[in-house]
Each structure stands twice: as C-alpha cells, then as structure tokens.
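What follows is chain A paired twice: with chain B in the first complex and chain C in the second.
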Partner chain A sequence: MATSIRGRGGIGPALPLLTPAYLWLVVAIFLPLSAMALFSFMTELPMSGRDWSLTLEHYAAFFSSGLYVTLLWASIRLGLEVTLWCAIIGFPAAYVLARVLKGRAREAIFLLVILPFWSNGLVRIFSWAMVLREGGLLDTTLNAILPFRIDIDLMYSYPAVIIGLVHSYVPYMVLTCYLTLQAIDNALIEAARSLGASRLQTLRRVVLPLAMPGLLAGSVLIFVPVVGSFMEPRILGGRTGTFYGTVIEDQFVAVFNWPLGAALSFILLAVVLVILSLSAPILRRVQ
Partner chain B sequence: MTNLLGKLAAQAVLLSVCTVSVHAAELHVLNWKGYGADEPWAVEAFEKATGHKVVNDFFNSEQEMLTKLRTNPGLYDVVMINAAFTGQALAESLIQPIDTAKIPNYADISGEKANSPMLNQDGKVYGVPWVWGLTAIAVNDKSFETSPTSISVMWDEAHKGRVVIRDDAVEAIQFGAIASGQNINDIKDMDAVKEKLTSLMPQIRTFWSSENDWNQMVASNQIDIGTYWSGSADRAKTQFNLPVSLVIPEEGAVAWLDAFSIPVGSDNVEGAEAFINYMIDPEFYVEWVTKVGAPVSANEKAVAALPEDAFNRAVMGDPKVADRIQFQAPITDEQRKEYLAIWQELKVGAQ
Partner chain C sequence: MAEVVVDKVSRSFGSHKALDEMSIAFPDKGFYGLLGPSGSGKTTLLRMIAGFDFPDAGRIAIGGEGVERVPVEKRRIGMVFQNYALFPNMSVAENVAFGLSVRGETRGAIEVEVKRALDLVQLGHLGERRPHQLSGGQRQRVALARAIVTKPRVLLLDEPLSALDKALRVDMQIELKRIQREIGITTIFVTHDQEEALTMSDRIGILRDGRLVQEGPPEEIYDRPESEFAATFLGDANILRGVATGNGIRLPDGTVVVANQGTKPAVGTSASCAVRPERISIGEADNATLGEENRLKGRVSKRIFGGNSSTYFVEHRGDIIKVHVQNNGGTSLAEGQDVILRWSPESAVLIGM
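Coming up: the complex of A and B.
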C-alpha cells in the first residue's frame, strides 16, 4: 500500500487523509506547547498589561538549588520502579492471554485488563484510598481471615504511590506485550522444545527476545508519564508525596508562576528525551 | 379575528418583554463552591424576592479567581474576594467602586471591618465585608478527653503520625510564625519558622487540601489534630455530625476576612447590589449557620440574631479571642514565591 502511493508520485494523494490529524495536532498540541516554551523565557505572563522581558532565570532556578534536582531524581526513580513492577506483573499476564487462553476466556480476561481504562483516574485513586488506609478494606479483610492481628496502613506512604501508579499503568504493558507475544510463530517455540530446550530456556532464548519490542514500547509508554505524575503522589503519598510533578503543579496553581512551571516542565521533557536517546542504542542491540 | 390577532400581538409583546428582562436580570456570581452563595434555598429565596437569576461559577484558589476576572472581563457581576487580595484586584483594575447607599445592610457591618484599609481606597469602597473566620486548629474529639489549649499539642509525641496541616505555603508559613511567636504579617525570623515546621514534619500524616479531605480523615479516625478553618469545623459538626472541635490556641490564630466586590464591566450592578445586600442580611445568615454551618458574619446584627450560646457568637465574639487573633494582610507576589520555595523545601526534607 505504502509503496504504491510512493509509486504514484509522492505524498499528494495522501494529503486529504493526513490533513485532519495534523491540523488537529498543530492546533491542540503544537501551538499551546510553543506558547508554553515562550512563557518559560518570560519574566511575567503578558496578562493585564504587565511588563515582561525575556530571561533565562527560570532555567537557572532549576540549578540554583539542590531542591529541583533532588526531586527530579526521586521522580525518575519512581518512574523506573513503577515500570519494573508493571513489567513483572504485566508480562506474565500478557503471555497467558496471548498463548494459553483461547476464545471466550481470553475475551473475558482482556476485558478485565481494559476495564481500568474506562474509569476515571481520580475515581481509581480515591478507591485505592479506601482500600489502603488503616481500618480500610484490605486491613479489615485480612484481619477477618488471619488468625493473628496485623496492622495494615499503607495509605500516605511511598508504597501507596507505587501501588496506585502500577494499577493505572499496567494495562499499557499488558497490551503492548500481548501484541508482540501473539505474533510469535508457534513453530519457533515447538522447534525449540523439540530440540531439547527446557520451558525456561525457551522463554529466555526465544519468547523474551521476540517480545522485547512490546516490552520496550510498554516501558516507554509508562515511564514518561509516571516521571511527571502529580495526582497519584499528592493523594496517596501524604507526607512523602512531593515529587517533581507536584512541584510543577504548585507553580501553576498555587502561585500563578507559569514561567517557572513551564521552565521546569521543559527541563523534565529534555531529561526524559536524553534518557530515551541514551538508552536507544542499548535497546536496539537488545532487539 | 382581529380579537385573536390582538391577543397574539399582546402575547408576543409580553414574551419579548419577559425575555429581555430575564436577560438583563442574569446575575453571575464567582465564589468558592459550597460557600453560602450557591446554597439552593438561598438562591431560590433571592430569585423570588428580586427576579434576578443567579448563575454561579466557582474557583479553587485565589489565583484562579483573579485569572477568571482577567480573562472574562464583563462576565461576572459579583465576586467574593479574600480581603488580602482585594488590593491586587484593584491594582489590576478588575473591580469597581461600590455605592454602599444602595446596600441597606451595609450600615450594620462592624466599623473596623467596613473601614479596613484593604477594602477602601481614596474614600471609595471596593469591598463589602461578608464573613470572617480563623485558620486555627481542630481536634478529633475521640482522641482528647479535654480539648488542648496550646498549639504545642501538634508537636506532642503522643500524636505522632496523626497530625495534618494544609498543603498551602502561605498558611503553613503563617502557622509557623504563630507557633514561633511572631507577627504573621511581618515575619522577622524566618529561620525560627523553618525550624518549627521542620520539627513538625515527622508528626505529619498527610497534607490536606480540601474540607472533604479533613472530614474523611476524621470520619475514618485517621487523625487526632490539624490546622483547620473555623467555618469548616462548624460545618463538620453541624452538617456531618463529626466529632470535631475547633481550638483557638492561646498562641493565637490567623484570621481572614472575605468580602464581596463588583467586577469592572458588570452589566447588572443593580442586581449585584441586591445580592450583596441579601448575603449580609441577618435572615440569610441565621439560616446558613443553622442549616449548613458558616464562618462569622461581618454584620453585627446578623451575629446578634444567633442563639446566645452559638459558637460563632459565644466563642468567636469573645473579646479575649479578638485579642489574640491576627488578621491576614496582603502578600506580595515575591513573598508568595519565597514562601512556596521554603514550603517545598520543607516538604522534600520530610520524605
């Protein structure tokens, strides 16, 4: 299909199909983002006739105190941890979905994976709050079953943030892994088995390398938004819930300091892009 | 036939008159959500009495309120502004002078509040005081046999992990100023404030942001004590039957004054005046306190109309309380940014 278009002379015939999407991207993403980029270099917002000039002070503010660097590092660590947990939980689920279950059972399990996507993020987080707190669902249920008494109070802690974020993002990992796992030719696995590879060896030497693109795509899809997340840490993290994303939110909401908030956001974007581009060669080799 | 035509014409005229008057009488009010002006019974009573149709819009922070005024000139007719921000709204030409002669209840507002320099400039009135209240501390009655009297209870080891404070830089810094015995509007020793708040951090369970957060934590018995607003503590008790008591510590508390202003470009000033008059009316206030729970009215007659033992009359009206509260003065943008930087650093240190 693609070659036939190129064969008939360039992008021309594809334009009517592309225009709506690109027009939308320009209006909805490129323009506001450019405005934000401009704001990040301004001393004041050009609102109600305030004077403004161009400056680099907001970018300098990032480096002037250890605060933002510490927070950014904490957020990156959070992103890595959440991604790791999503992989540990999501990959086996995707494997079962793609290679073990068939027909109705697969559809049912698939629905359960997708279900969180259909509920509002804020609702999901608040329902976790009900489960995790002392005297909440988890605490009450476990103590009703177990013969001894344990106190479970995960609310307002770092683990609570991890739990909330993993729950929100694990479907991405399941979906991307599912797509690559499903595409693996059964004959390859059968060949490995018949040549004497154990189940574990087959997984490690055949399935995992072939599923790597899905695992990596899922990781990127999860890592990037988690580094900038602010809602989950704020609601579930309590005292430990201050991250890079919450600080950016404060700049926009609490002090109306859009320029600093924008500058911090673009630094985050730059750092994420650097991380992704640095890891690109390694990732390519793995593939 | 002519009769029918005549009737139709009359109806058409009547209809157009109606639509015109309805359009002219729409009244856009900007306020916090669930803060008096949007009570359904109040809106209904006001609409019935005056014929103006109330359209409520809300903000979640003072900054958002100012942004809405800046970006929608001419849309709003009444805006509720914390008096500490009235000066900024005026400096940006967002609000207009108010003709207090058109607001009969204005005469009953206590003199010191009506004449507050935050609401008056060059002999003109830019804000009509509505209610005032405190940012003090509130306790979970289940955790205390007798209510504490000192702010130091927040640092008590016995309540470790069961203390909350609002996630708001200005409130936190001013709370630290009171705890370290300073004037909230002129903090001389910021290091003492930082030290106080740093030592408070290990006690903290979480930072609350809305009334609902606070009430839910008390309802599920997760906290013992925390900073809270006087009107909210009253509502928690009256409306939700929660075991909450407000404490005005002997060290003092932060007081704030909320006032109504009329934005520049309002196309229904007459309606705005009627609405403000209704909002400071004793009848509305008593109903608000009884049904929902509210801060203290700036109208002396409205407070006097409450039962003698009512919290807003007995405790908040106590001269000894008046002596130890400090009213919030305006804060510059620079101070606000500085406070936020300090607060963020404290929160990061708490991890």
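Coming up: the complex of A and C.
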C-alpha cells in the first residue's frame, strides 16, 4: 500500500516524461534569457576585448526619456486593439465552426482559418502591402466598382498595421474559442431556449460565459506578442509604425546597443506580467 | 395548464421515417408515458412538442393553440433533460431563476418564485451551491424546479431518471409523481423503461417505427395488449400461436386454449394468445385438479432463482413457456420434471394477426 501511494504522488515516475521538455527549456530559453539579463546591466557588450562594467543606466534611460514610455503605451494600445478585433472577428467564426458546420464543410473552413500559420510571415505582410498601397489591389478594385473616384492608400498607416497584425493573430482566437465552444453540451443551449431565452439571450448568458476561458486564452496568446511586435509595424506602418517593439529591434540590428535593447525587453516583460497579474482576478470573476 | 394534441404528425430524416402520421391526445393535467424501443420516434415526438424540431406535415396544439411553427422560447414549455443540462456557470438558485429573469421579471418576484420552487423539490437550503457540488438526485430536483418555476403549460421529461441508480430512481419516481400532482401540470414523459412507465403514468402510449401501437391506462395495456409487440414490450408475456376457433385458438398439437380477453379474430385465421408468466400456475403432473382452466403439459427445462420469485422455463413441444412463481416456502420443482401448466381464460388475451 505504502509504495503504491508514494508511487502515485511522487514525481519519480514522471521524471523521464518531464526531463526532455525542461532540458530543452533550460538550454533554449533560460540560458539565452539569462545572458540577456546580464547584458542589460552592462555598459558595453563584452566583445572584441572592450571594457565593460555593471550599470543601471539602460533602465534609467527608459524612465528619463518620455519617448520610451510613450512608445510602450502606444504598443499596449495596439495590443488591446488587435486583441479586440481578433475577438470580434474570431469568435463568430469559431462559433459557426464549432456549432453550425459539420463534416466536410467544417474541415474546409478550418483549413482556411489555419492557412495563415502555414504561410511565411514576411510573404504575408508583403502581400498586404500589395493590397493596401495606392494603386494596389484594394484601390483598383474599389474604383473599378464604384461610380465615383476615391483614393485609398492605407499603406504606411496605423490601420494597415492593425490589419496585418489581426490577420496574423486571428487564428489563435478562432482555435482557442473553437475548443471551448465545441465542448459546450448542446442540451445547455436547448435548456436555455426551452426556458424562454431568445438566441441572443442564450448567447449572452450561457454560451459566452462558458466560452470565456477560450476567449481569455486567445487574448493572452495574442496580446503578449503583439505588444512586442516589430515586423508588421515596420513594413506596413512605415514612418507611423514606430512602436516599442521596433525600437528594441533597432537596438539589436541597427544601433548595436544590445544592453539598451535587452533592458527595454525586460521592462516590456515586466509590464506585460504586471498587466496579466492585475487582470487575473477580474478575469477570474468573469468566468 | 393545457392539453396537448398531436395530429397526423410526420417527420422524415432522409429516407428514415421517424414519425409516420402520429396522432395522440395528451390529456390536461395527466401524466402520459411515451414508451418504445430506441428508434421508435418517442424522442423525436417530444422534441417536436418542445419546438426543437418541426414536423414535415401535421399539427401540434398546446391548449388549443397551434404551435407547430412557434419557436421553442415562445411555446411556454418546461423540459427536463436526460443529463439535467444545468448551467455550470450558475448557482442552483441562478439556474432556477434563469427562466424568470430572461422574461424580465423583477428581482423581488424572482426571489419569491425561486424559493417556492426549490422548497417544492426540498432543496431550499442548497440555493448557493454550484451544480457540480450536487449529487445526481439533487441535480435532478434542480432541473425539475428550473423547468416548473416559469409555470409552463406542459412539462416534458426526456428519460429524466435514466442516469440515477436503482434505489434513487424509485424515490424520484414517487417524488416526481407527487410534484406533478401538486402543481397539476400536463406531463409527457419519454422512457424506454417499461417498469417506470407502468408505475408513473396515468396513460401510456407504446410507439414503434414512428407509429402509435396502442395507448391507454397502464392496467388496460398490460391486461389487454392488442398486439404481440405491445404484449412483449410492456412486461413479460408468453405468446402461443395457432388458429382462431372463436373463443380461443387451437395449437398445432390440437390443444385448444380458451381466452376471454381481447378481440375475437375470424374463425380459421391464424391468431395468437398472450399469457403473463405470473398468471400461470405450475404443478406436478399427477396432482393436477380439474376445472374451467387451460392446461398444458410440459417439462421444466430450467429454473432461475430471483430472490422473492423464481422463473421456470417449461418446454411444450419445442416452445418455451415462462412461469413466475412466488417463493413462499413451497417445494420447488426440479429441472427435467414433467409438469402441468394451468391458467384461467380470463388471463389469456386473444390477438389477431
């Protein structure tokens, strides 16, 4: 008896299953991240024999210059907006996939949703550039249909950045919502209707609360990377596309100020963690 | 409260006819049991009365109002689902309050009604619990309270007791019946459990292949089944087949079985005779007494002990006849023993082909 109890509760038997994943996490994420953490406190990169010493100046730079705070705020706003649009677009799609379509139709639509995952990110963004620029696909098509002339040049604008990011991240929302929606017992929806609830009331009072875990998981999966995104803002946003993520990227690839880039990254990480932990109690109550 | 009338309702799924010109009148305030094997159309019929599905043809009326095109939420019905379907994101009280609050009733009125409904099902003290904290029987009661709190015109029960264990099921049968009487609501109850249908229903309808085979009070169907299917599906029955003689049938071996129940088929046509296993008495071959009874010789091929009663399988010219005997202390018969089976003509039901 004693051995079986220990066997069930102990971590021993689980070790062979856990080790590969944790070994990988340590090597691939923890080590580079630690190195970055160290860099963020250095005056210079310890390369080609340059002298360096420990400092807090890069962290101080964030607070002394209003620029970084403004950019971080802009990035958080961008994250919230993209997440909201993903929810508005993704949830209805997930609902139809999970509860309306069946068989082949469901498979086909599912494939269309996942397709962005299979295409290269840069290709995706440059395709949008072709569509959004002046004289591009959208401009030409609309002017061919409409009797009057309008100029559509969304390229290098805030909406272009939103469009590109929503396109990249909406599958996450569809997938997480799909999982929770298809787990809802149909009898619950029928029960609500039999009690006199309209379709809208059923959606608001039964389906949405039960799908909330999926909506939240999707939101976290989208919000966190969007706040740090740099590719879409840089290519589709042009001069308007300066965000916190693009500034970090600059430090690494253009200015070669790795310590500042690393410090800005860790501040972002801290801010995101604070936002998530502050919203956790509220989100739990919503559930 | 209202009577429910289903008039020549048909519904097909592809080439399968789930309901075939089904007509039933469910009496006001009655407890009606729909009984049938799976695929007989009983659940389809219930879902159509609820409004989850719509008939291809025919009419459905609740309290005289045609509802066959009315959506579920406007039909004012209450339904209890097989797995209860309680909302997991709400407390017990919120579950019960749901139907009232979507109708826009005031908070005060809702509170009073919810309390009354929970007291009726004896769960007044558990309002704050979540559904996952309740036992199966308690969930069942909450589902019932939720269905009746809106004062529906008809209560629909879809195999509501099938998920409970035996002892609890018997308790709930009594409880359900008490509540139904107390609020006097027209109730339609779908089950495949014949015992449940017999104990609870005022009337039973037996369904097969989308058609109504027979309906009436439980005793009437049990004592006078009109078809071999009704006889064997509702309770146990021995079916003897032969040729109609007017007031009975002649078996292939020449024995005449006299039956006073059922409708008399034309003389000379093939007919059968149904006898309930508990109506047959079994005795040793040599001490059989004479009387106005049907008798049949046979040999015990098997005996199954079932606690308070035993079942004998008696072979008569290749047919097996089942006999239930109360275990009241008498000596039991051995397998292989010759016996005489006796039953009165009152216990035999004639069934035409």
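The criterion applied here is as follows: the second predicted complex is superposed on the first by the 279 of 287 C-alpha atoms of A that agree within 3 Å, B and C clash if a C-alpha of one lies under 4 Å from a C-alpha of the other, contacts with A are read in each partner's own complex, and residues count from 1 in each chain.
The rule we apply is simple: contacts are C-beta pairs under 8 Å (C-beta built on N, C-alpha and C of every residue); 3 or more make two chains touch, one makes a residue touch a chain.
Treat the numbers as computed from the prediction; the structure is a model and nothing was measured.
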When chain B and chain C are modelled together on chain A, clash or fit: fit
Of chain B and chain C, the chain that contacts the larger number of chain A residues: B
Touched partner set for A:114, first chain B, second chain C, both or neither: neither
Touching partner for A:273 - first (chain B), second (chain C), both, neither: neither
Angular separation of chain B and chain C about chain A, which is computed from CA centres of the superposed model and rounded to the nearest 10 °: 150
Contacts of A:18 with chain B and chain C, given as first, second, both or neither: neither
First (chain B), second (chain C), both or neither touched by A:187: second
Contacts of A:56 with chain B and chain C, given as first, second, both or neither: neither
Overlay on chain A, chain C to chain B nearest C-alpha distance, Å: 45
Touching both chain C and chain B, counted on chain A across the two superposed complexes: none
Chain B residues touching chain A - in the complex, by the definition given at the top: 60-61, 63-64, 66-67, 70-71, 92-94, 167-169, 201, 204-207, 209, 220-222, 333, 336-337, 340-341, 344-345, 347-348, 350-351
Complex contact set, residues of chain A against chain B: 47-48, 65, 67, 70-71, 74, 133-136, 155-156, 234, 238-242, 247, 250-251, 253-257
Residues of chain C defined as touching chain A within the complex: 50-52, 71-74, 76-79, 81-83, 85-89, 98-99, 102-103, 146-147, 150, 156
Chain A - residues contacting chain C, complex: 185, 187-188, 190-198, 201, 205-206, 209-210, 287
